[in-house]
Amino acid sequence: MDEAALRELLAAVRDGRTSPDAALTRLARLPFADLGHTKVDHHRTLRQGLPEAVYGPGKTPDQCAAIVAELLAHGTGPVLLTRTDDAQVLAAVERNPGGAQTGRTVVWRSAPSRPAAVAVVSAGTADEAVADECDATLVAHGVHPTRVRDVGVAGLHRLLASLDDVTDVDAVVVVAGMEGALASVVGGLTAAPVVAVPTSTGYGSAFEGVTALLSMVSSCASGITVVGIDNGFGAACAVLRLLNGRSRHG
Amino acid sequence: MDEAALRELLAAVRDGRTSPDAALTRLARLPFADLGHTKVDHHRTLRQGLPEAVYGPGKTPDQCAAIVAELLAHGTGPVLLTRTDDAQVLAAVERNPGGAQTGRTVVWRSAPSRPAAVAVVSAGTADEAVADECDATLVAHGVHPTRVRDVGVAGLHRLLASLDDVTDVDAVVVVAGMEGALASVVGGLTAAPVVAVPTSTGYGSAFEGVTALLSMVSSCASGITVVGIDNGFGAACAVLRLLNGRSRHG
Amino acid sequence: MDEAALRELLAAVRDGRTSPDAALTRLARLPFADLGHTKVDHHRTLRQGLPEAVYGPGKTPDQCAAIVAELLAHGTGPVLLTRTDDAQVLAAVERNPGGAQTGRTVVWRSAPSRPAAVAVVSAGTADEAVADECDATLVAHGVHPTRVRDVGVAGLHRLLASLDDVTDVDAVVVVAGMEGALASVVGGLTAAPVVAVPTSTGYGSAFEGVTALLSMVSSCASGITVVGIDNGFGAACAVLRLLNGRSRHG
Amino acid sequence: MDEAALRELLAAVRDGRTSPDAALTRLARLPFADLGHTKVDHHRTLRQGLPEAVYGPGKTPDQCAAIVAELLAHGTGPVLLTRTDDAQVLAAVERNPGGAQTGRTVVWRSAPSRPAAVAVVSAGTADEAVADECDATLVAHGVHPTRVRDVGVAGLHRLLASLDDVTDVDAVVVVAGMEGALASVVGGLTAAPVVAVPTSTGYGSAFEGVTALLSMVSSCASGITVVGIDNGFGAACAVLRLLNGRSRHG
Amino acid sequence: MDEAALRELLAAVRDGRTSPDAALTRLARLPFADLGHTKVDHHRTLRQGLPEAVYGPGKTPDQCAAIVAELLAHGTGPVLLTRTDDAQVLAAVERNPGGAQTGRTVVWRSAPSRPAAVAVVSAGTADEAVADECDATLVAHGVHPTRVRDVGVAGLHRLLASLDDVTDVDAVVVVAGMEGALASVVGGLTAAPVVAVPTSTGYGSAFEGVTALLSMVSSCASGITVVGIDNGFGAACAVLRLLNGRSRHG
Amino acid sequence: MDEAALRELLAAVRDGRTSPDAALTRLARLPFADLGHTKVDHHRTLRQGLPEAVYGPGKTPDQCAAIVAELLAHGTGPVLLTRTDDAQVLAAVERNPGGAQTGRTVVWRSAPSRPAAVAVVSAGTADEAVADECDATLVAHGVHPTRVRDVGVAGLHRLLASLDDVTDVDAVVVVAGMEGALASVVGGLTAAPVVAVPTSTGYGSAFEGVTALLSMVSSCASGITVVGIDNGFGAACAVLRLLNGRSRHG
Amino acid sequence: MDEAALRELLAAVRDGRTSPDAALTRLARLPFADLGHTKVDHHRTLRQGLPEAVYGPGKTPDQCAAIVAELLAHGTGPVLLTRTDDAQVLAAVERNPGGAQTGRTVVWRSAPSRPAAVAVVSAGTADEAVADECDATLVAHGVHPTRVRDVGVAGLHRLLASLDDVTDVDAVVVVAGMEGALASVVGGLTAAPVVAVPTSTGYGSAFEGVTALLSMVSSCASGITVVGIDNGFGAACAVLRLLNGRSRHG
Amino acid sequence: MDEAALRELLAAVRDGRTSPDAALTRLARLPFADLGHTKVDHHRTLRQGLPEAVYGPGKTPDQCAAIVAELLAHGTGPVLLTRTDDAQVLAAVERNPGGAQTGRTVVWRSAPSRPAAVAVVSAGTADEAVADECDATLVAHGVHPTRVRDVGVAGLHRLLASLDDVTDVDAVVVVAGMEGALASVVGGLTAAPVVAVPTSTGYGSAFEGVTALLSMVSSCASGITVVGIDNGFGAACAVLRLLNGRSRHG
């Protein structure tokens, strides 16, 4: 049943051609039917508070450029292209001017700044690419995080020296590979929400992020939550979800 | 407290403007030195917004009773005893009257109700024990969640019928075993923060929760976060972390 | 929006109090809303062709008895209680007379026999419990399978002696633990659909069914499909799905 | 014992040179002996209803071309070359004109169209290559599937908008990576047979398809069956097995 | 086609009622058909050189007793009941007198001694049960192995003191848990065939035998072969396979 | 060649019955032969600096008592019985008076105290049993460790308050389950040797110690070493190895 | 103590300068000491019956050539260079003429043919490289195996047609990837020793040989033994070990 | 510094006995507050006894050169660049003259030799790169290890011939891949501390070092400790930790 059919059904009710009961019967079948929306993406945005990002790997430069163009044409919010290679960036930016690149992420139509205190804490230089993806995603939505870098737990004093950055904030994202212990330590030092991102950094027994992932979901610090390996984008989305709610209340 | 403030404090002591005792009080707050506090736990509570719960398994009934007593004596917030067996409950409640049991969790000194809209969504009856632990932990801190039960994705219409319960809320906890798909579906339907709890429910290939855990951290719904297998307590703590922040802003 | 509200909206259209356009706007919000069905389960049955079975483990005897009673009261098809223990059977049958037990499965209101040729092939005696669950589920829906037992590939001649049983049929279910090779062998001998069930049978390196599961999904026989470990019920449902379709065409 | 020897034995029986009992003794030894068929492949085709496909990886272009040629010379059904690279396609098509390429699959001698309603549902663009392999294999055998694309569960409304495509069909193939939740959702929406294909798509914790595989075999939707990771060809074969049976009945 | 039908076919050929060609056509379909042997088990014994053993776990005492009785009635070789519990032993021996128990294995009708030099080497006392199963299986077939006990590689001198026992033999079985290093060490010291049995012995990181299994199949000593975890019976069968061949040649 | 044979060979050389060259040829075959020592264990003790402990699980009380008796009769150093149950303790102590029990470890003939500063740091109460085993093993050899308890990284201030206990010592043993982050934190705070013991403590995703094990071997703190899961005895042995060397140098 | 010192000690005994008892005391310390053999490799060959092969990967062409040269200079048996690339072959053969290449293996100084019946059975064309390595290693030692190719269990009739090749032999090597079911089937058809080699062939869920490895060690066919993934060389060595023993007896 | 000392210090400031500056200096040593240190790295060195090494992978040549320069400018101890590629070496050495390369490690400002007996024992040529990293790290700190090469347990006599090298030393590092059995054997032969390094060497079932890792942590030789896969640097650090302590005592 598309929109026209629905409109016709209602007209029939209005005109007395169909009884409300008969219409009810038909409408009862609606819950999973196609109402022929032409603004699916707009609806989805409302529902999620986040526009869809384009994940680069496996797409041709042309595909990247085209999808970005389509998203820009049908919305008003930020559009992201993530995990790009140089050819994808080139094609996407040529076709869609105005994209700003941070690390392997390109953002078009960034949202204006909003007041929010978020820390992105990373354990080592090898975790920076993932932290950058998180950072770029936040910035695209108007959130400018504080970066706390190179504070692996083997040098605890460095983290303690930045303690204020993780305690008096709306949320903390912890990005760490190897054994991922940083998430537990930060979780024990702050009452703020902590989103942990395991990274695929580390020697052989880090197993491409599995060790950090298991470590983080087993953390002895209560209330830490975890996203997928190397998923800086996902961590940013988790933060945006909670900030969105906070705005509503604020 | 930075170096200048410390220097000024010392100058004030020298000049008699501040007594050594008053200075001591301030210095005692230097976060990590061992200054002989006798109220470590109170500090910890401030830092985390959550008192420590007592995890039952592996402790004798007497140990459970004693630790609960100690925590009740040194604080004012809620005290929880989790994953108890009957003997532990008996001992703990006998020694510490006033404990209220929900499932395998006992709570003393629950916090008064606070305004917060949280949904605890569970996939099947086998997930209820974990959802109960989450529920009891939230209630202990004054948050009374809406329970949405038995909405596994194999019967999608049941979840859709409860859609409002997961969209217009401060946070959603999704508790699911087997393949854990419910977390992705809920994540796609709501803009609220989603905390997913994999459970050890299911046939052989659910592997005691591993399948659900991997499924949830790999979710295609952006911004879902995950806690450990069967960790209903942890999910509640994650929700409390974000509500605490929200209160601050509200 | 519940049914009453929808009825009222349609009445308003009929009476001219609401224009079709205004009604359309409201209805456009319907797709995920609760229409207040009272016959959810009946709908679900139509959609799946299979009533819901009650999975015993983790439920009290009383819960089992009550759920079975509820399902019997609200439908006309077969009702199953699976993986029961003796106490569950006792309680369920006492409250709901007429249940027929096969292995650890109890069935009420079995469907009349239907013409369908299905073989349930099992490798060893240790696989019989899983094969029995599959058999009982099929019988509940009117399908009486041929059982081919004890035809592990270490004694290939026994399988070859039963070759007709697996070639001229509508479907074959293969139940095997250890290395699960039987699925590949049967898959190479028949053009019929093959549903493989890995079982948790076997010595230490069978790893509770994991070896058989991996073996079956990696089978060199094209077009074999697999269900979860020990999931005889699921295999029967897969067969029923394809038989349902076949009836429609026949 | 080859065909000539068997013929001679029978002639000896006819001529009285050998008694039936003596012949019986010899024949009793036959079950595993070589009868010297020269039409092994033809027999195999009858038995399986599917000709053998040539799996490209690890073969030289010349080997691919030669095996395709041999298969074309000794049969009448469709011949497939799968998972090809460009050099393999070039060599195979040069030597064997008439091959039609779809994605990384080349098909010779496609079967004429047959009436069958099959849906191939894919979660995201990264799953398209696997869905294409399934599609091409089906088309080779005369089955033209409906493609439903980009209906990942994070955007449930898109799947619901295509609901008819998965409910009123002979079979549904679900192709999904990451957490593979789409299989469960589709399984809950349709009574048709569902064959799920986990793909190696997704971030780090998707583990090259393992997460989706485990998720699908643990599905809470009853009667879903699963093939190996990325095995679009296998899923098509599973569908063809059930359609073959259906034709027999139809 | 059963034996009677085959006999009738041959009679028809003899009598001229059926031509050899027509008979050939029918016989060509034989390779996988049932010839109605009544001595299947005897054939199987010839083919494998090993009678079937009864694996105790999961069988009732009565089932054990019955299967042993059946095997004793239909053959002349040794019959084994393995991994028994006390009730199974009691039932089986009561019904079938003459069984001799070694560890958890009972043997009826042991074969007479045969000349063969086999060493069963075990690393620690916790591996003895598996070594005993291997020993009992060998003895049942007339092979009396030399036992070399408690020669874990942490005390290498003990193994070196027994060097002759592993060098001048027909085969060596190495039974070891934990890290399973003993297999590599023995493999480097002898030119005899080495069959390694990983056991589920050891602390937590031995992972129920997985560590030893992986260690043994990765051994740097060339030509070591491995059977399943705790599979002392299988190791004995492997030794018997090679001794059988040796007898043929000797 | 036993001792008598060797003595005879040397006598033959002395008497001129055998030439030195011929004797050399025979002796060249010695390296792996049995020289018939009667003091094997004494040698072994010298080589390892540690007597053999008796691992309780899987042994009968009588076996435990007998092995302890044997070890006491043939040496002068400490004898340990580890991971005992009550029946084993009873039998062993009855037969061998003077055993001192600590947790599940019993020690006879403890060594006199020696000067050594060792810290045993444990994360939570659930890790105490493993820490106790380590402690008891050290004490048996005269090393009395400082215990630092309940210093999980979620409450970092507690560890920092005990900082001196882990910095100015000969060795630190860290005992932790869950995510095992404590090992990394301690490793970053001290220059002393750190031996980490993963324990099987924790919720479902701790996977019986696997998470902690992987975490510890992947630690970002350089130079931490790890022993097996729950292996408190092994950690103590590692410490004793390094103290033994230290004594030699001191 | 080197050879000269030992010779001097014996001379001192002969000359009466040292008593046999004093010499005995010194010699008792010998078992692990270096006797200064200059023919270590010769000894090793005797002990193992197999010369050391050179494993190519990770070595430079020059290193390969040099090691082969050294081995040729110090022995008389066959020398192998395995898993080579083209540059390694070129360098090795240029410096050491007379090498014969089979697949990725080069052999110098092959042993003369010896009477032995060995079958190398492979499941598919993707397994041929591993089967070739096994074949080349056997040929190097004078054993010319029968090759049975492309007999995957999905086409069982092909294996049955070669039945004699696997039943009347001294040993069978089974090389198979994917689900490795071929090993079980062959094991059930022959009484000969069976050495199974899992290969890293197959779709995603074959997991680089893990599935086949687990399948083979869990085989329901008793007495099958397994070597490491893709280890064709190891399988050949296992066969040579048993043939060596057989020769001794024959 | 305890509370009394702090109170006394403040009183001294008040009384003019201590200047605020002097007090500040003492307070600045309160271990973890951020007091604006500019010499963090120096502190860290004291605490750990090891300067930070630069891990090459993932860094650009320029980054490597710059970090090395910074470390050289702010300390006096050795600086290491590990796991380099040629471009990194070139850039780093050009900017920072005086670097000495060993394998893939470059060292600046090596410490003078110190007396310490350390053995680095490696199983095969494929383990040399890891052993080299360990060796270079030790040498950078003045420790010149004895190398014992190519002593895999399959040729035990070679290890026994070098027995003195592993028994009379301060520490032994064992580097081994495949099944890692060498660690157990060495651990049984020496009373010295043993640090085991699993390497990613070996055939398919070595699983990139996992087999060796599990084998080593499950070792039957008491008191062996383990570092991460291929972590030669970490093993050297573990040795340096214990030597540092030893110097203190010596």
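In order of appearance the chains are A, B, C, D, E, F, G and H, and numbering begins at 1 in each one.
Assume a residue touches a chain if its C-beta (ideal position, glycine included) is under 8 Å from a C-beta of that chain, and two chains touch if they have at least 3 such contacts.
Keep in mind that this is a model prediction, so the values were computed, not measured.
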* Those chains which touch chain B and also touch chain A -> C, D, F, H
* Chains shared as neighbours by chain C and chain E? -> D, G
* Please name the chain that ends up farthest from chain B once chain centres are defined by their CA atoms averaged. => G
* Quick one: compare the interface residues of chain A with those of chain C and tell me same or different, with half as the dividing line. => same
* **C-alpha-based rotation, chain A on chain D, 0 to 180 degrees, nearest 5** => 90
* Structure fact -> Rounded to the nearest Å, the gap separating the Cα centres of chain G and chain H is 38
* Asked: Just curious, how far off is chain G from chain F if you go by their C-alpha centres, in Å?
  -> 38
* Asked: Approximately how many whole Å separate the CA-defined centres of chain B and chain D?
  -> 50
* Can you list the chain E residues in contact with two or more other chains? -> 31-33, 35, 37, 155, 157, 160, 188-189, 203, 205-206, 213, 217-219, 222, 228-229, 234
* When you check every pair of chains, which ones turn out to touch? -> A-B, A-C, A-D, A-F, A-H, B-C, B-D, B-F, B-H, C-D, C-E, C-G, D-E, D-G, E-F, E-G, E-H, F-G, F-H, G-H
* chain A - residues contacting chain C, complex -> 3, 6-7, 10-11, 13-14, 16, 19-21, 23-24, 27-28, 30-33, 35, 37
* Asked: Which chain G residues qualify as touching chain H in the complex?
  -> 32-34, 37, 40, 43-44, 55, 57-59, 63, 198, 200, 208-209, 213, 228-231, 234
* Structure fact -> Contacts from chain B onto chain C in the complex sit at residues 125-126, 155, 157-158, 160-164, 189, 201, 203-206
* Structure fact -> Touching chain H in the complex, chain F uses residues 31-32, 46-50, 53, 160, 163, 167, 170-171, 188-195, 213, 217-219, 222-229, 233-234, 236-242, 244-246, 249-250
* For chain D, which residues are in contact with chain B within the complex? -> 123-124, 152-156, 178-181, 184-185, 187-189, 202-203, 205-207, 210-212, 214-222
